[in-house]
Structures are given as structure tokens and as C-alpha cells.
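Just so it is clear, A, B, C and D label the chains in written order, and each chain counts residues from 1 on its own.
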Amino acid sequence: MKKNIKKHEEKVGFTLRGLENTRIESLSDGIFAIAIGLLLMSSDPPSNFSELMEFTRDLLPFAGTIAILMWIWYQHYLFFIRFGLRDAGTTAINTMLMFLVLFYAYPLKFMFRLLINLYQALLTQDQAMLNHIFTDTIAPQDTPTLMVIYGLGASAIFFVFVWLNKRALNRAEILDLSELEIRLTKNSIIMNVTSGVIPFLSVLIALFRVGGKYTFMISGFVYILYTIAMPLASRYGRKKLAELKAD
Amino acid sequence: MKKNIKKHEEKVGFTLRGLENTRIESLSDGIFAIAIGLLLMSSDPPSNFSELMEFTRDLLPFAGTIAILMWIWYQHYLFFIRFGLRDAGTTAINTMLMFLVLFYAYPLKFMFRLLINLYQALLTQDQAMLNHIFTDTIAPQDTPTLMVIYGLGASAIFFVFVWLNKRALNRAEILDLSELEIRLTKNSIIMNVTSGVIPFLSVLIALFRVGGKYTFMISGFVYILYTIAMPLASRYGRKKLAELKAD
Amino acid sequence: MKKNIKKHEEKVGFTLRGLENTRIESLSDGIFAIAIGLLLMSSDPPSNFSELMEFTRDLLPFAGTIAILMWIWYQHYLFFIRFGLRDAGTTAINTMLMFLVLFYAYPLKFMFRLLINLYQALLTQDQAMLNHIFTDTIAPQDTPTLMVIYGLGASAIFFVFVWLNKRALNRAEILDLSELEIRLTKNSIIMNVTSGVIPFLSVLIALFRVGGKYTFMISGFVYILYTIAMPLASRYGRKKLAELKAD
Amino acid sequence: MKKNIKKHEEKVGFTLRGLENTRIESLSDGIFAIAIGLLLMSSDPPSNFSELMEFTRDLLPFAGTIAILMWIWYQHYLFFIRFGLRDAGTTAINTMLMFLVLFYAYPLKFMFRLLINLYQALLTQDQAMLNHIFTDTIAPQDTPTLMVIYGLGASAIFFVFVWLNKRALNRAEILDLSELEIRLTKNSIIMNVTSGVIPFLSVLIALFRVGGKYTFMISGFVYILYTIAMPLASRYGRKKLAELKAD
């Protein structure tokens, strides 16, 4: 085990300062577990075959939501195992993250179900289903509001991670961070800022109805920026890392 | 990490006696996580846009409740990490705290929603909304009962912390508490007693209908005492601490 | 902390073999937390004052149930911290205990509510309420079945603890139990057997309708045997302990 | 404790590399606890005797489901305590397992209830109950779909364990696995592959309606293969183990 951890440290370049689990982590794990568990099991258990089939239709939306939540969990895990912070301030920021996780769990599942139904209807040219989606599920004029809600959530989660990493950076001396660790933390901040700015841009477009009746489409297409911005941010980070190692 | 904890100890003046998590703490974390998680996710997941909007209206009440619960969690965390008690008696007192946390989670959310609606109606001079609040949500003659319920809860939680800290103080010798630690624990007791007396005063006013039809208002205004009592209690504590350090 | 644990060991006479938490314990804590949390928060949150008052009526039944569940938790905690067992067999027996805890959580709350209503009706001579209890809540001819359900549950939980302690005793050599520890474990078995036999007696009476139409009363009065049997069992245990220490 | 663990290691032949609990395990325990807890407590608490009796009818289906979930938990526990892996890849595979556990919890309970009702009806020759099962609960033509759903779930869970063990095997050098440990891991893979292939066979039969109107029966009888395949797989594993020890 020790050897295993050592190898891991060498690979990511981080001394793991928070190896012993603290209660902030145990509470957070409990909250993540509940958010994930209730996503699927909050409805009544199926009591006949048609209810069971209804239940299985949750497969894809649930899979999508659990994947995103677990990705957030993994970022959370990395932060706490790397820096081992557990002061009152970190607890407060962590509370905001937990709040966002719980608050966006159901809306995320809603979004995945909507997107899956939408693609299915578009792929099968099912006009009846399309009509159903845009009348019963959501009216076209409400779609920008949807983009605002999700954009704010995504943005907020990334900026909480920026905040947490910034906090660790401010304690670089106390935590005895190496040059390499400081660089890696800065890179992490760059990635999270980039990830957080794009949904925020989408929010602004949706909020001010930029594009009139095409607002929904435009605010959605903004997310394509990820394919350009992320590789750039990542390349910048790697370059800085190479410079450091060259010294 | 070790260094980090050391610095922390120096700052707060406490040797952390309960660094390894005990099962009382792990059970309590589970209960806190469930209380926080169910606050938001106990209702059915939204299945269309209007239900989603309904869901987002929980944002502020949920944020308020989670903040209070996390504040209680942090006090709980500090107590157990400082003294590391885990005997049958502490377990019993902790059970009372868990009982209060679970019992007041929903009522807290109810209160935040009521207060937010009330301020919103008052700020926007929305007479229809005010009427709705005082007929459908709560009748004016029931408001004193509300003050009794919440005052008892707030009071009980503070006095449980008084009880726990008193218990630690009684074990000062076994726990090998330093003079400084004894003083800090006493200060903590003073703060909690002050915090607990004020809601209890509000309960008495509401219970005996002191002030007739103005009972609701008067029992509410009692909480303004916090702005006077807390600084006084805090100053007294700091003075005693300074005396100790002077010796 | 170390010193604190040491003192504790001296007092109860047990070397704590399971100080590091295992996953069996962490899973069990999660299940206890959920059982306790859902007891109160499984219903929808209150949305107006009358629903809030309805909610507060759960205070006493919830307090009673949480007290019993926490008592079981404490026995569970003691067993695992004392012997530190975590093999497949212990996991299987523990699963039975978790099953009983979850299965009896709701019925326990039901029983407390019934008893509280009953005593309230009897104390206030409220004939209407008594009628309501024995028609809408439970018909008189169903009461023996109720005694069977609860008796079996109580009995099963005590015998699971007998089983677990017996298992530890069988591993006395591997666990390196001292003479004193063996005696204390045997005493614990005697107490649990006594506690388990009484509800089982009640079950038999209720099952075979011993006493005709007085079956409910008789099967209930059986529990008074606790006031005789427990002190006897406890005295026997203390005597054996004294003999051991005399040698 | 140490001695106890040592003995345990000697018995199973594994050095326990993951003795300290990691957060992957703590999160997983939380999810298992929620899956198990909600199985029983997701419905509203019983408020009168007939609802209580209705609730107790869940006894057997719940017992069956909890037994299967705990068996999965134990495999999960063994894997993580043996290899102590906690990298991003293991987290991702573990997420799939958690997804399957949550997704199949309710359907498992549904299946147990169906099977119990079916056997009960067949044993008591209760024609009315049989009719009820095959009209209200599930129509005969839907039964193959049921076999597909369950077969895929069972298969997927076994193959996730194959994947996890394969992953550990690929890291044999980093983890410093002994010859014996490599053999035991391989045996574990053989058992899991065998366990996973049989339900997959049942899925294929049900999917392609092999056997026409007897599809349900045939796809069910496939599971009898377990009685032949498992002993064979187990014997093969023991033989290989004996060869290794002979060298």
C-alpha cells in the first residue's frame, strides 16, 4: 500500500497531505451518497411490470447524472487528499459545494431525460414526441430560463473549485507546497476558470435574450467553445510546467 | 499535514484529543448528511419545467437551513475533535442533539420559506400575498405557538452544547486539560448559555401571551437582544482569557 | 486520548481490539443513520402551520424510537470495538441485525404512537379517542398479532447479540481474551438471553391465544417479568465476576 | 487485532493492502446503506394495523434483496481490502458497480416478491392468485423481457468484478502480488466469469425468443447450469492452486 501510494505521488507530483479522512470528507461522502441514491430511489418502488419498465427508462438519465456527480466527487476527493485542509473557511466553502450538488442533482437528471427524449425524437423524426416535449415538458419560451439555471450551476461548481484551490495556494507556505505543487495547483485553477467562464457566457446570452428567438440555440452552442478553450488552457498549463521542470 | 494541524492547534489553543474518527462521529455525520439531503430531495423529482421552477423556489430556504445545520455540525465537529469523548453518557447526549437536528430540519426550512415570503410581500407591498400567508400558511393567532416551537428548539440545541462542554470540563483531569483549555471551554459555555437564554425568553413571552395581540412581534423582537448580549459575553470571555495569560 | 481510552479500558475491563473502524462498522453506521433519519423525514415536509403541528405530534414517538435504535447501536458499537471481528460469518450475522433494525424501525414508531395515544386516552378518559384507536388504528382481535410481531423482533435482536458474543467467545484463543474478558462476555450473553426469552414468552402466549380474550393483556404483562429477571441475571453475573476476581 | 488480522491473512493467503479505509470505500458504503435502507423505508410509514400488516409482507422480499446486496458488498469489501486501489480508473469502474447496485435494488425486490407470490400460489394451488399475478403484475408475453432485464444486471455485476480483478492483476508488479495471490485472483476471475456467462446465456435465449412460448421457462432453467458450472470452475481453481503449492 505505502509503495502503491508512493508510486501514485510520483506520477501526479503531489505529496498527499490529507491521507487520513477528516469529518468534512466523511460528511461530504454521505451527502454525495444520498444525492446519488435518491436520484434513483426517491420514487416509489415498482409494483408491477409496467411500473418496472417505467423505472428502467431512468437508466440513461441516471447514468448521465451519476457520471457527472462522481466526476465532481473525484475533484473533491483530489482536493482534500492533496491539501488536507479542514479549517472553518474550507468547511464553509465546502458547504456551498454540497449545496450545489444537492440542488443540481434533480435538475441534472431532468436535463438528461429531456436531452435523451429530444435526440430520440429528432433521430426517429417523431413529430408527436417533439410536440409533447415542447408543450407538456417545457414551452419554447421557457428554454432560455433553463439555460440560465444550468449555466449558473455549472459555473458555480467550477468557481467553487477555483476558490478552494486559490485557498490552498494562499496557504502554500503553511502547507509547505513545492514549486511543482504550486504550478500544478495554478494549472488546476486555469482549467477550472476556463470551465466556469463558458457556462457563464451562456447564462449572459440566455439572460439578455441575445439572438431573439434563437437564444436557446445560441446559448446552447456556446458550450462548443469547450472544444477550443480546454485544449488551449491545458496546453498553456503544460507549457508552464515544462518551463518549471527545465529550470 | 502534521505541521498543518500543529499550526491550527497553536491558533485555537487546543490539543486535538479526538483526531481519529470514532463511530459516534461517523454515525452523526451520516445523520447530518441525511437531514441535509432529505431537506431538498424528499419531494419527487421534477418532471416538467413548471415543477422545476417550483423546485428552484426552494433555493433560499434550503440555503438558509443548510447554513444553520452546517453551523451546528461545525460545533459538533469541534467538540469531538477537541475532547475525543465517546463514553455511553456522551453518546446519550449526542443522541439528543441528533434528535433535535432531525426534528428541526423540516421546521427550519418551513420558517425560512415563511420569512422569505413575508419579507418579499412586505417589500413589494403585495397585499394578496400577505393575505395568503396569514390565512393559508398560518393564522395570526397561531404565530405565538410557532415562536414557542422554534424558541424551544434553538434553546435546546444551545443547552445541549452547554451540557457537552460541561461534561468535558468535569473530566478536565482525565483529559489532562491545560489552564488555557479549561478557560476556552468555560468561554464556550458562557457563549452557549447566552445563546440559549434568549430564545427561551422568547418562548416564555409567547407561551404566556405577554403583550396580548402584539405577542408575536414582541417574542420576535427579543432576538434583537443577541446584538447586545453576544458582544458582552464575548468581551467577558476575552477578558478572562487575558487575565489567565497575564499570570 | 490514549490515556482516556486506557482509563476506559480499566473501567470496563476490556482491551479494545477494534479501535480502527472497519467497513462493516461504517456500513452499519450508514444503515443506522438512514433508519433514524427516515423515521422522521420520510414524509413530505410541512408546507403550512397545521401540517407543522401534525409533524410535531411525532415528537414523542420519534424520541422513543430513536432511543431504542441508539441503544441497539451502542450494543453494536461495544461488540465491534471490543472484539474487532470482521470475517464473513460476522458480516452475515451483522446483516441479520441490520435487517431487523430496518424492518422494525417503522413498526416501533407505530407502536410508540399507539401507546402514547392509548395512555393519553386512558388518562383523560377520552372515550371517543379510545373508540378511534380500537376501530381505525387497530381492531381488538388484531392485538395478539401485534404482540407476536413485536415480541419476535425484540427476541430476535437480543438473540443476534447472544450469537455475536458466542462467536467472540468461540474465538477466545485467537482473540487472546483474558479470563476477565471471557467472564464479561459470558455475563453479556446471560443478560441478552434473559432479555430475549421474555418477549419470546409473550409471543407464545399471543400465538396460542393463552387467556382467550385477555390474551393481549396477558402477553403484555409478561414484559413485567423484566423487573424480576434482569436483576437476578445481573446479580448472577456479578457473583461470577467476584468469584473470578477472588481467585 | 493485529494478531487476528494476521491469522486471517494466513487463512485466505492475502496480504491486506487496503486496511485503511479510503474515500471510495466510504462513499460506496454510503451508497450501499442507502440502497438497503430505501428498499424498505421508501414507502410511507404505516399508520394503522392493516398498513402494518401490509408492511410486514415485505419481510421475505426484503430479506432476499438485502442478502444479495450484502453479498455484493462483501465482494466489494474483499477487493478493496486486498488490493487497496484508489486511482481514477478504479473509481470509474466502481461508479459502474454503484450504478448497478442502485439500479437493480428495486427490481430485485420486485422479483423476490413475484417469485414468492408465484411459489405460494403454486404450492397452495391458488388459481385466483395465479391469475392475478399473470394479469395485474405481469402479462405472460412480458416475462422474457423480465428475464432480459435481470440477466443483464446479474451478468454486468459479475463482469464488473472480473474487470476489477483483472485490473489488480495488471498491476501485479506495482502491488507486489505473490505467486499465490496472483493465482487466487485468477481463480476469482474464473468464478466471476462463470457466474456472469450463465445469466448472459439466459438473456440471449429470452432476447431471441428461443423456444417460442416456452421462452420464459427455458431462460429460467438456464440458471440450473450454476449447479454444474460452479463446482467445475471451483475444482479447476483448486487444482491450479494445488499445482502452485506443489512447486
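Here is the rule we go by: a residue touches a chain if its C-beta (ideal position, glycine included) is under 8 Å from a C-beta of that chain, and two chains touch if they have at least 3 such contacts.
What you are looking at is a predicted structure, and each value in this text was computed from that prediction instead of being measured.
Visitor: For the Cα fit of subunit B against subunit C, please give the angle of the superposing rotation, nearest 5 degrees.
Guide: Rounded to the nearest 5 degrees, it is 90.
Visitor: Please decide if copies subunit A and subunit D contact each other with the same set of residue positions, more than half shared, or with different positions, and reply same or different.
Guide: The interface of subunit A with subunit D is built from mostly unshared positions.
Visitor: Based on mean C-alpha positions, I'd like to know which chain lies farthest from subunit D.
Guide: Of all the other chains, the one whose centre lies farthest from subunit D is B.
Visitor: Could you please state the distance in Å, as a whole number, between where the Cα atoms of subunit A are centred and where those of subunit D are centred?
Guide: Those two chain centres are 30 Å apart.
Visitor: When the C-alpha atoms of subunit A and subunit C are each averaged to a single point, how far apart are the two points in Å?
Guide: Here the centre of subunit C sits 43 Å away from the centre of subunit A.
Visitor: Enumerate the residues of subunit A that touch no fewer than two other chains.
Guide: Each of 19-21, 26, 29-30, 33-34, 38, 42 in subunit A touches at least two other chains.
Visitor: Note which residues of subunit B are touching subunit A in the complex, please.
Guide: Listed in rising order, the residues of subunit B that touch subunit A are 1, 3-4, 7-8, 19-21, 25-26, 29-30, 32-34, 36-42, 44-49, 52-53, 55-56, 59, 62-63, 66-67, 70, 73-74, 77, 81.
Visitor: Subunit A touches which residues of subunit D in the complex?
Guide: Touch list, subunit D to subunit A: 17-24, 26-27, 29-31, 33-35, 38-39, 42-43, 84-85, 87-88, 91-92, 95, 98-99, 102-103, 105-107, 109-110, 136-139, 142, 145-146, 149, 174-176.
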